[in-house]
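Below, each structure is written out as C-alpha cells.
Two complexes follow with chain A in common, the first pairing it with chain B and the second with chain C.
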Partner chain A sequence: MQRAVGSLPLGPALRARLAAAGFQTAQELLDTGPCGLSREIGISKEEALETLQVVRQECSGDAARTAGGAGTTRKCTALELLEEEQAQGFIITFCSALDNILGGGVQLTKITEVCGAPGVGKTQLCMQLAVDVQIPECFGGVCGEAVFIDTEGSFMVDRVADIAAACVQHCQLIAEAHQEEDHQKALETFSLESILSHIYYFRCRDYIELLAQVYLLPDFLSEHSKVRLVVIDGIAFPFRHDFEDLSLRTRLLNGLAQQLIIIANDHKSAVVLTNQMTTRIGQSQSTLVPALGESWGHAATVRLIFHWDKSQRLATLYKSPSQKESTIPYTITPHGFRDVQPPAVTQNTESTEMNPRKRPRREEEK
Partner chain B sequence: MDWEQLELNPRVVAALRKADIKSIKEVLNLSGADLQRLMKLSSADAECLLKTVSHWLRRNCMLTALQLYQDKDHFASQHQKLSLGCSVLDNLLKGGIPLVGITELAGESSAGKTQISLQLCLCVQYPYKYGGLESGAVYVCTEDAFPSKRLQQLIDQQHKLRADVPPEVIQKIRFGNNIFVEHAADLDTFHNCITKRISLLLKRGMVRLVVIDSIAALFRCEFGASDSVLKAQYLQMFGAQLHSLSTRFSTPVVCINQVWHQKCFSLYGDHFISCCVGVSVDNKVTPALGITWANHLLMRLMVSRVSQRDQLSGAVFHHTGNVRTLRVAFAPHLPPSFCCYTVELEGVKGIK
Partner chain C sequence: MAAKKLRRAKLSQELCERLSRYQITTCQDFLCLSLLELMKVTGQSYRNVQKLLRQVSLACAPKMQTAYEMKVRRSVNPSSAFLSTTLHSLDKVLHGGVPCGSLTEITSPPGCGKTQFCIMMSVLATLPVSMGGLDGAVVYIDTESAFSAERLVEIAGNRFPTYFDSDEKLFCMTRSIHLYRELTCDNVLKRIKSLEEEIISKKVKLIIIDSVASVVRKEFDTKLQGNLAERSNFLARGASLLKYLAEEFSIPV
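And now, the complex of A and B:
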C-alpha cells in the first residue's frame, strides 16, 4: 500500500501528471477515489477508474505474493486432503452429545444447516457458536472471530453476554485446575468485552440486503482474516414471502449457496445457517420438512433438525457425509446450549486430562 | 436509482441504461453470468458492478456485539423494553415487551388477553423513565367491538395501578386521545389497514404500539381445508408486513391469538404437537394458525385461567377464582417460566 507511484505500471504521461499533482504513494491514489482523481489530474472518469483498478491489482498482487498466493488453483492428492481435513478444527457447542454425533463439533470449511420449529433453540445454538469459536487454542478452541448476519431481529445482545460470561467462567475453572502458564496468558485476552468485540453483527431486513451482504463477505473475510464462523440466522425468513416467481427464488438461493461454499472453503470458516420448518401435505397425513424446497436441501453439507418430544428438546443429525444419523437430547440453560444432565450426576471435577471436551458436570441452576 | 452516484465505470453505466435496469434490486436479482449476458460486460466488470452496488447498499452496516452492548442510546431496541405496568410481570419478561418484533399473546377466551393489551395501550403513553415510549397505540379489532367502557375504567384508575409514577405526570397524559381504534373484519380490510392506515400513523410518530385483537379471527371462516396454501400465503404476507413495520419504526407489535384444543388435531397427526413449542402433555390447548404463523414471532406468551384444583400455593387462595397464569412459551432472551396474575379494577397485576 505504500508503494511509490513511480513504481506502478502506468503510462509515463499519466505518471507525470500524478507526480505534478503531488501523489506519492499508491494508498493516496486509492483514498482519493476515481471522481477526485479525475478532477485533480484532469483525466476522464473512465481512465481514472482503470488506473485505480491497475493500482489495486498491483497492491493485492504484492500482498498475495507475501501471503503465499491464496486463491490460485493447486493440485493435491487425496491423502493430503485427508490430512488437511483431520487437522481441521471443530467449533465445539458445549453439548458433548451434539459434538459427538457431529464428529467433534461444527466443522470448519463446511456448511451446517440447523432446521427446527420456532422456539426450539436454533438462535441459541448460533449465539453459543459465536462465543465458542473464540475459545483460545489451549482450551481446545479455534481462536477465531465470528460474523453474525441477522435477518429476523432475534439477536439479543444481553443473552449473548450471559453465554459469553458463562464460557469465560468455564475456561477459568479449567485454568485453575491445570495451572498452566499458557492457560493464564490466554485468559488475559479472553474476557466478556473481547468476546463481544469480535462478533461482527449485520442486520439484513430483506433478501436484497442479504444478497448484497454475502457479495461483500469475501472482502470482509480477507480483511478480518481471523473470522472462522459465519452465521446467517435465518436464511428462510427473507425468502418466504414476496416471491411470486419461485424460479427466481431457486436461482437466487442456488447462487447464494455457491457463494457460501466458496467462502467456507477459501477462508477456512464454518458457515452455519438456520432454516424454518414447513408442512408438506401428503396423501393421508402431513409432515414437517425444512423450508425453502427440495433443491435447497443440497446446499448444506451437514443438516441438523431440532424438534420436540413432549417437553424434551432433541437434535437429529439428518444429513452428513461422514457421520451416521442419530438423535440426542439437549437443553438450553441460562448459561447457554448444554447437555441434558443425566439423573445420576457423577460430580467429576476437572480431571487431569488435557481434553477440554470432557467437561466437568456442574449443577446448572435453572 | 441514479447510477452516477455509484463509482461505476461510465461504460457500465451506459450498459445499465441501455438494458433498462433502474434499481439496485434488479441488479442484485441477476447473477454475474446474467449481467454479462444482458449488458455485454466482461466478467470482471460484472463482478465489480455487483460489489459496487452491494457496497453502496451496505455501507456503514457493520457493528460489533460490544457496540450493541455498551451503546445504550443508539441501540435502544436492544436495551429498552415496553413495560407492562406491573413490576412482577416486567420481571418475568426481563423488562417487558421487546421493541422490535412480533409478540404473540395466546390463550383461551376470557383468560385476560384483551386486559393485558389494553393495559399496554396505556403503558406506552408514559415517559421513557417509567417504562413507556411517550407515544400512542393503535388497536385493531377483528371481531368484537372495542371495549371502550373498560378502557375508561382503566384510565380512571391509572393512579392506583401506577403508584410508581407521580400523579401530576399521570394527569397530564390524555390517554383516550392517543389510542386509535381500527376495525377490520376481513382480510382485504386488514391488508388495507396495515399498509395504509397503520403505516401512516407510524410514519407520523403518533403511535409506538400496534395491537391486533385477534389475528386468528381473520382466518376462521374464510378458509376451508383445501385452501391451506392460500391461507399460508396470507399469513406469510401479513407476518412479513407487520415484521417490516416493527423493524422500521422500532415499534412492538402485539398479536392476540386464540387456541385450539388438542382433540382437533387427530386430523393432522402427531407432528403438530411436536411443532407446538412448550406444550406439556397435560396442557390441552395449542395456539391457532400453526407453524406458518409461529415462524414470524419473536416471542410467544400464553395466558390461561388457573382452575381451583390447580392453584399452586397458599398465597393464591386470597384471590378467589380470579387467578390466571402468564407463561413464556418461547423467547430468544427468556427461559420458559411463568407467573400468576389477577385482573383487578385498575388492571392486570402480577402475584409474587
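And now, the complex of A and C:
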C-alpha cells in the first residue's frame, strides 16, 4: 500500500500530473476517491475511476505476491524444479544419436536453435519435429500440436505428408508388436489427416509480420492449449537484408527472444529456431559462424550446428546447459530425419534412399 | 504489409493524429518501438498499450492455415503443382518437375547448357496443360543477351513437330514469351518489382532470370569495402520479391 505513484502502470501524462499535485503513495490515491482525484488533478470523473481501479488491481496483486500467494509467483525451490524437469517430456527426433546427445530429445520450455549451411537439413528437422510432437503418450511422445512459422517459404506439404506417413507406420509396427489396448485406441486418432490438421502454419514475408505474429502468439496458444512446439523456420532471413539500422535489429531480436522465452515457459512448449550461417573473415582464413551476431547467441538455450564433412551430414551440440559437446552423423531419408545406417549393410541402398529432392553431393555414389 | 497505414489498422482517429506527430504512420514504425516508448508516445497506460499492440499486430499478421488444408488444396490441382521438364530421370529426382510456387536455381560452369535449359522450359510453359505445360506466358529476364529467338523456334519445331505444325502456332508461342533485356542490377530489381502487374495482365505462368550472377559480378567487386553488404542486400531483396511472386501466383521461378 505504500507503493510509490511513479511505479504504477499509468500513462506518463497522468503520472506527471499526479507528481505535480503532490501524490506520493498509492494509499493516498485510494483515500482521495474518484471525485476528489478528478478535482485535484483536473481529469474527468471516469478517468479518475479508471485510474483508481488500476491502482487497486496493482496493489492487490502486490499483496498476493508478498503473502506468497499462488498464480503469477515465479518463486519455487530447486527441488520443485527438479521434479518438474524430470516429469517433462522430450520431443524425439527419430534419430537416436541426436536424441542421445540432446539428453532425450528436444526439451520442452527451452529454446533450441539449429544453425547450418543451406541444404543441410534444418527445415527437414523442423518438419520431423512438427510430426513427432503429435505422437501419442503411450508411444513415448508428448501428444501435442505444432505451430510452424515459415519466413523462407521452404515448407513443402508433400514432404510433411511423407514424414507423417512414415511415423504412423512406425507406430503401427510398435502397436502390433506390443498388442496393448491403449495403443490401438491411440492409433485410431493418430492418422495422416489428424497430424496434418494439427500443424498450424503461418507464412511471414517480412520482419514486421514476424514481429506481429509473435505478439499474437500468446493469445493463439491460450486458445489452442495443446500446442507443444513452436517452430520458426528462418529467423535470420527477414533480418538479414534491408536493415540499415543494426542497433534497431539487435533491439528487435532481443525483444523477440524475450517473448519467445516467456511463451516457452508459460505454455510449456519447446521453441525451435533455425538460423543461417555467415562467413567471418579472420586474419588469414574465413570461418562459418551462425548469423545474426554474438548477442543473438545468448538467446537460445541449446544450440545445434549442422554441417557437412565431405558427404556426411554431421550435427554438433554447440551450446547446452546440461549435455556435453559432441558430434554425431545423421541422414535424411524419404522417411525423414534418421540415424546413419551402419555402412557395411546398406552402402548401395543408402544412396538410392537419399531424399530425392536433394541433389546428391557426389555423383559417384549413384 | 509492413507499410500498412495505422489508420487502416482500426486505431482511433485522434490516436493516429497523435502518433503522426511523432512520425509514426505505418504499422512498421509502431511495431518497432518498445513498450515504454509506445507508452510515452501514445500517453496510454501499460494495459492499453498492450491492447493496441495486439490490435496492430492483428492487422499485420499472416493468416493461419493448417498443413492439412494446404495438402487438400494441392491435391485438388495435381497438375498445377509441378512443371514437368520432360526429362524423365530429372523429373523423378525432382519428384515431378520444377515445383510451382518456389524458386529453383540452376548453376553450372559456363557452356553446360543453362540457357538452353531455360529456353526449353519457356517452350514447355506455353504448351497446353494436356501436353504437360502451363498454358501461359513466360517472362524471360535476360542479363547476358544470350537468348536467341531462332534457337527457340528450332527447339519448338524439333521437339514437338506435331504440335507446332503451322507457322501460326509458332507465332502464337513466340508472342507469349516476353523478353526483357536488363543490364544493370538496379534495372533488374525495378523489373522484378514491376512484374506483379504484368503477371496478372499477361497471365504469366513462368519467370526465368538468366542469370543473376553475371549482373551481380559485373557491378559489385567484393574486394572493395562495403560492396559485399550492398551485394547481399540486393540479392536478398530480389530473392524475397521473387519468392513473394512465386507463392502469390503459384508459378515456378
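Everything that follows uses one rule, which is that the second predicted complex is superposed on the first by the 270 of 366 C-alpha atoms of A that agree within 3 Å, B and C clash if a C-alpha of one lies under 4 Å from a C-alpha of the other, contacts with A are read in each partner's own complex, and residues count from 1 in each chain.
We take it that a residue touches a chain if its C-beta (ideal position, glycine included) is under 8 Å from a C-beta of that chain, and two chains touch if they have at least 3 such contacts.
Please read all numbers here as calculations on a predicted model, not as lab measurements.
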Three-chain arrangement built on chain A, chain B and chain C clash or fit: clash
Partner chain in contact with A:Ile199 - chain B first, chain C second, else both or neither: both
Partner chain(s) touched by A:Leu252 [first = chain B, second = chain C, both, neither]: both
Partner chain in contact with A:Arg240 - chain B first, chain C second, else both or neither: both
Touching partner for A:Leu211 - first (chain B), second (chain C), both, neither: both
Touching partner for A:Ser7 - first (chain B), second (chain C), both, neither: neither
Partner chain in contact with A:Val160 - chain B first, chain C second, else both or neither: both
Which of chain B and chain C A:Gln169 touches, first, second, both or neither: neither
First (chain B), second (chain C), both or neither touched by A:Ser326: neither
Superposed model, chain A: greater residue contact from chain B or chain C: B
Which of chain B and chain C A:Gln124 touches, first, second, both or neither: first
Doubly contacted residues of chain A, that is, touched by chain B and again by chain C: 130, 148, 152-154, 156-158, 160-161, 193, 195-203, 205-206, 208-209, 211-213, 215-216, 219-220, 237, 240-242, 248, 251-252, 255
Contact footprint of chain C on chain A as seen in their complex: 9-14, 54, 130, 148, 152-154, 156-158, 160-161, 193, 195-209, 211-213, 215-216, 219-220, 237, 240-242, 248, 251-252, 255, 356-357
Residues of chain A that touch chain B when the two form their complex: 33-35, 44-46, 49-50, 117-120, 123-124, 130, 148, 152-161, 193, 195-203, 205-206, 208-209, 211-213, 215-216, 219-220, 236-237, 240-242, 248, 251-252, 255, 276-279, 281, 285-288, 307-311, 332, 334, 366
Footprint of chain A on chain B - complex, ascending: 7-11, 24-25, 28-29, 31, 50-51, 53-55, 57-58, 61-66, 68-69, 75, 78-79, 94, 98, 100-101, 228, 236-237, 239-240, 243-244, 247, 268-269, 271, 273-278, 280-281, 290-292, 294-295, 297-298, 300, 329-333, 335
Chain C residues within the chain A interface of the complex: 1-2, 27-28, 31-32, 34, 39-40, 42-48, 53-54, 56-71, 74, 81, 92-95, 99, 102, 232-233, 235-237, 240, 243-244, 246-247
